Amino acid sequence: MVVFREMSRTSPQNKRFIGWKGLRRGHTARPLEWLVEKGIFVVSLSTIVLIFLIFLFTALEALPVFLGNTNNSLVQKTIPVEAMDRLTPKQLREYLGLTEKEFAGMPRETLKSLMEVKIETASEAPNDKDAALDTTSWRYLLLPYQWTGYDKSEYIWQPVSQIQKYNIVPLLIGSLKTTLVALLFSVPLALGAAIYVSQLSKPRVREYLKPAVELLAGIPSVVLGFFALMVMATLLQKAFGYQSRLNTFVAGIALGLAVIPVVFSIAEDALTSVPRSYTHAALALGSSRWQAAWQIVLPAAIPGVFAAVMLGFGRAIGETMVVLMASGNASILSWNLFDSTRTMTATIAAELAETVTHGHHYRILFMLGTLLFLVTFVANLVADVVIHRLKHKLEGK
Amino acid sequence: MIKGVQTSARRSEQAQTRALAFHTAKFDLTSFFFTGLTGLATLIILATLITILGNVLWHGWEGLSWRFISSSAKKDMFDVEKAGVLPMIVGTSARVILMTIFVIPVGVITAIYLTEYAHATSLFPRVIRGAISNLAGVPSIVFGLFGLGFFVNFVGQKMDTLLHAENAGLVWGQPALIWASLTLAIMTLPVVIVATEESLKAIPVGLREASLALGATKLETIVQIVLPQALPGILTGGILAISRAAGEVAPILFTGAAYYMADLPKSLTDQFMDLGYHVFVLSTQSPNIDQTRPILFATVVVLLLLTFALNIIAILVRANMRKKMRAVS
Amino acid sequence: MKTFNQHFSTFVMTLGIATSAQAGSITVKGSDTLVILAQKWAEVYMGKQANVKIQVTGGGSGVGFAALQNQTTDLADASRRIRPREIEACLKSFGKRPTEYKVCLDGLSVYVSEENPVKELSLPQLEAIFTGKVRNWKEVGGQDAPLTVYSRENSSGTYEFFKEHVLQGKDFAASAQTMPGTASLLQAVAKDKNGIGYGGAAYGAGAKHLLIKKDEGSPAIEPTEETVVKGTYPIWRHLYVYVNPALDKGEIAAYLNWIRSDEGQKVVKDIGYYPLPKNLRE
């Protein structure tokens, strides 16, 4: 992403900006202009407001799950339809699980139908020891459990089932696995290319190479996923001979292709920001270009490179279309790279449309979204702090 | 420090480096090996890029034709002879143009605040910059969730209760063109802000000070002197934002994309067909994969042409700008 | 100032036009099994009635039901029956149970690659394979090779139907690869000589249909129109359309009637499903 490129570049004119800004106003403000300037300030706050809103709305939907306030136990006490009139309105409303507003607007017909449906639901409840469990509680979200029909205690994500199983551990591991493969594939390539382009190539070649590599960022992720699904998966299966055609390995490689531009851009910027004087001093002392790059420039740019990897990690864990099409989407918990896997992002994309708004499944998917947001938020924060310190260090010199 | 090396003229730097390299003419196997290795890394990346583009173009070329681009998918969406992607192109263009209307004003104003008004060390600019970089890092599916949870369910439903009677059904409270555009606008905001900031910083301070000296107010200076000069940068930002948004599918999955529509979207509350979404749907749901392969690849070619052409234009404009900036300073 | 007023009024007018109710448009959402048929129906019907606009989206039966409940669709296509929980949600949302219409028949085929020597399997064998108990082809009469099971996303009605009727409600094997659509499932199976998957019989090309036996002693039946309509092929089902009773009038009711008439059922055969027996067409 182009964003951070420019933020780390220090222009020699920056220092003089203080003059322009310090020149507050040499005259009394005209009222319209004062208003417009305040307006500019307010509009700029929008980015902060937006980040806050994004977090707020995804977390709000997921809040009941976080707090443990949901209960999807299938075993509910039922009241026969004929007894409807013997209940007080409050009792009836609570039995049917309606809010005050919903209850107030409902005709008697509808309430009667709801009671009938409650009985039908109860009669459909499976004769299963697990029917009475609240499967949205944290214990079942994180710890393994032996469900009916399974041989041993396992981590199962199977939300469409009589007994909904919401264990998120396979999804977390799936996301981590694909991200790991993507980083292992892309970081060496992107770093190598960054070192080559910024330190070892001729300046005129560099002008063409840099935009050329960054063109990879222009390929939409859906095209990368499509390419992985149609072409890469078959090729890689022929080359390596494993069983599942769509698996972590394929998805990881395709994901790596999406991450390379991000890591390359920022690492290349970091390497270029190291003052040329370092390189020239090293060359003057008799080192070759490679030695200067590897032993002098790279260590000086380590904070920027680290930030690049963190942002690459954030991008990889948040990518959706590539893994949706290329990873096989099987929620298995295994560390084998050639097994299909299911990531958090692909789960949200595939399952959200079929959930009932504000239902349990819906809230758990939003919870996954909040987790993703927090992970990328932390990764970004770390990268920001590191870049900030890098800028200070270089400017201080 | 080696004197004279700090000059920025390229030729003297090259000459200096060559002179130095001449004096260190010893052949170093490690250096040669690693230089080759990193060069190979660059080559691999470029090769992958060319392979993907080449493969897609190779398979898609036969399906591409004027008819393909200009006819609609009304009949036989899966028939190679008759399929057309006009609705998808229109849908993608509509949402992207609508997005630009939202994102460019907000992005430019924020960039103006950050460069012209804010002190680099005070709290607000730092928090804003932090928020921008975080916004850039949010996963695209979380944007989709936000679009669904905020725009469709919250804002849309509030608008419905304000504007319509109870039993008119949902008009704004469902996936629609406008919500998808707004979601994409939020997603591409960082791109526009950074590109605009870069171009604003490139304008020499002397220009602004001269304007003040001639008696203009700060706001007049910004609007009449600085902004027109910064237009290429704003343009770059807009083009990059469009290129990024045209290819994104995850944010529009729940906020407005449809699989098949009889008509082109006519109002802000319509759903729309989309190139990227169509690629996704075709590659997973077409009835006969081998038969629809040409259409699939052709659609990908159209999408790539759109995003790539825009990307290349943006890069050229920016390179041009940089040359001018270097010449001035 | 004059131009500002002009612009502003144009903007308000556009907003007004945008918010006016959309006359003559029908939204259809839901099952991926039905989406191609739904699209074809829409095309043919719009060819006859020029003033009606129909838009079709897939996503899975669950998507259709969710949209029905959220009132973001007029018709919900489904490849399984609606559940009591979903009826409850509909009741809470618009106060009535949705009306169910059967629109056609479908046979679920079990696919294997054309290179696979196995030709027929029984229902108990299928259950063992898809729940993960049987992991090697040689246990069901094939070569000595590990089985790869392909399945659908859990929002799919095809998935639910297969689960309920063939797996007797048990979960699919965790190692089953989930494909987002029947076509991608078919493509995956066609390319994997050890793969096995399932899907609507309408998607045919590329892989081989297995003949299915009800149990070890019964004859193996191939999914054809005759066997499905008669009910001798063991894995068959109705495909449904659900609608909010309050909306079931005027154009929507006319469209539904047309779908279930002889004309609409002819389209069914073109796509590869099986038309309703005469007694079910009202």
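Read from first to last, the chains carry the letters A, B and C; within each, the first residue is number 1.
Criterion: a contact is a pair of C-beta atoms (placed from the backbone, for glycine too) under 8 Å apart; a residue touches a chain by one contact, two chains touch by 3 or more.
Small disclaimer: the values here were computed from a predicted structure and weren't measured.
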Legend entry - Innermost chain by mean C-alpha position: A
Inset, instruction - Write out the two chains that share the greatest number of C-beta pairs in contact. - result: A-B
Legend entry - Farthest chain (mean CA position) relative to subunit B: C
Legend entry - Inter-chain centre distance, subunit A versus subunit B - centres from mean C-alpha coordinates, in Å: 19
Legend entry - CA centroid of subunit A to CA centroid of subunit C, Å: 31
Legend entry - Intercentroid distance (Cα basis), subunit C paired with subunit B, Å: 36
Legend entry - Multi-partner residues of subunit B (at least 2 other chains): 283-284
Inset, instruction - Pull out every residue in subunit C that's touching 2 or more other chains. - result: 59, 70, 179-180, 184
Legend entry - For subunit A, residues contacting two or more additional chains: 229, 324-325, 353, 357
Legend entry - Interfacial residue positions of subunit C with respect to subunit B in the complex: 17-19, 21-22, 32, 35-36, 39, 42-43, 46, 53-59, 70-72, 179-184, 186-187, 190, 202-203, 205-206
Inset, instruction - Would you mind writing out the residues of subunit A in touch with subunit B in their complex? - result: 1-7, 11-14, 16-21, 23, 25-27, 29-30, 33, 36-37, 40-41, 43-48, 50-51, 53-54, 57-58, 60-61, 188-193, 195-197, 200-201, 203, 207, 209, 211-227, 229-231, 257, 260, 264, 276-277, 280-281, 283-284, 286-291, 294, 311, 314-315, 317-321, 324-325, 345, 348-349, 352-353, 357, 365-366, 369, 372-373, 376-377, 379-381, 383-384
Legend entry - Residues of subunit B that touch subunit A when the two form their complex: 1-2, 5-6, 10, 13-14, 16-17, 20-21, 23-24, 26, 28, 30-32, 34-35, 37-42, 44-46, 48-49, 52, 55-56, 106, 109-110, 112-120, 124, 127-146, 148-150, 153-154, 186, 189-191, 193-195, 197-198, 201-202, 204-205, 208-209, 212, 217-219, 240, 243, 246-250, 253-254, 276, 279-280, 283-284, 296, 300, 303-304, 307-308, 310-312, 315, 319, 329
Inset, instruction - Under the touch definition given earlier, write down the residues of subunit A that touch subunit C in their complex. - result: 98, 102, 106-107, 109-110, 113-114, 117-118, 120-121, 124, 126, 147, 149-150, 154, 156, 158-162, 165, 170, 229, 234, 243-246, 324-325, 328-333, 339-340, 342, 350-351, 353-357, 359
Inset, instruction - Spell out the part of subunit C that touches subunit A in their complex, as residue ranges. - result: 59-63, 65-66, 69-70, 83-89, 91-92, 95-97, 131, 146, 148, 153-155, 159-160, 163, 169-172, 174-180, 184, 188, 191-192, 194
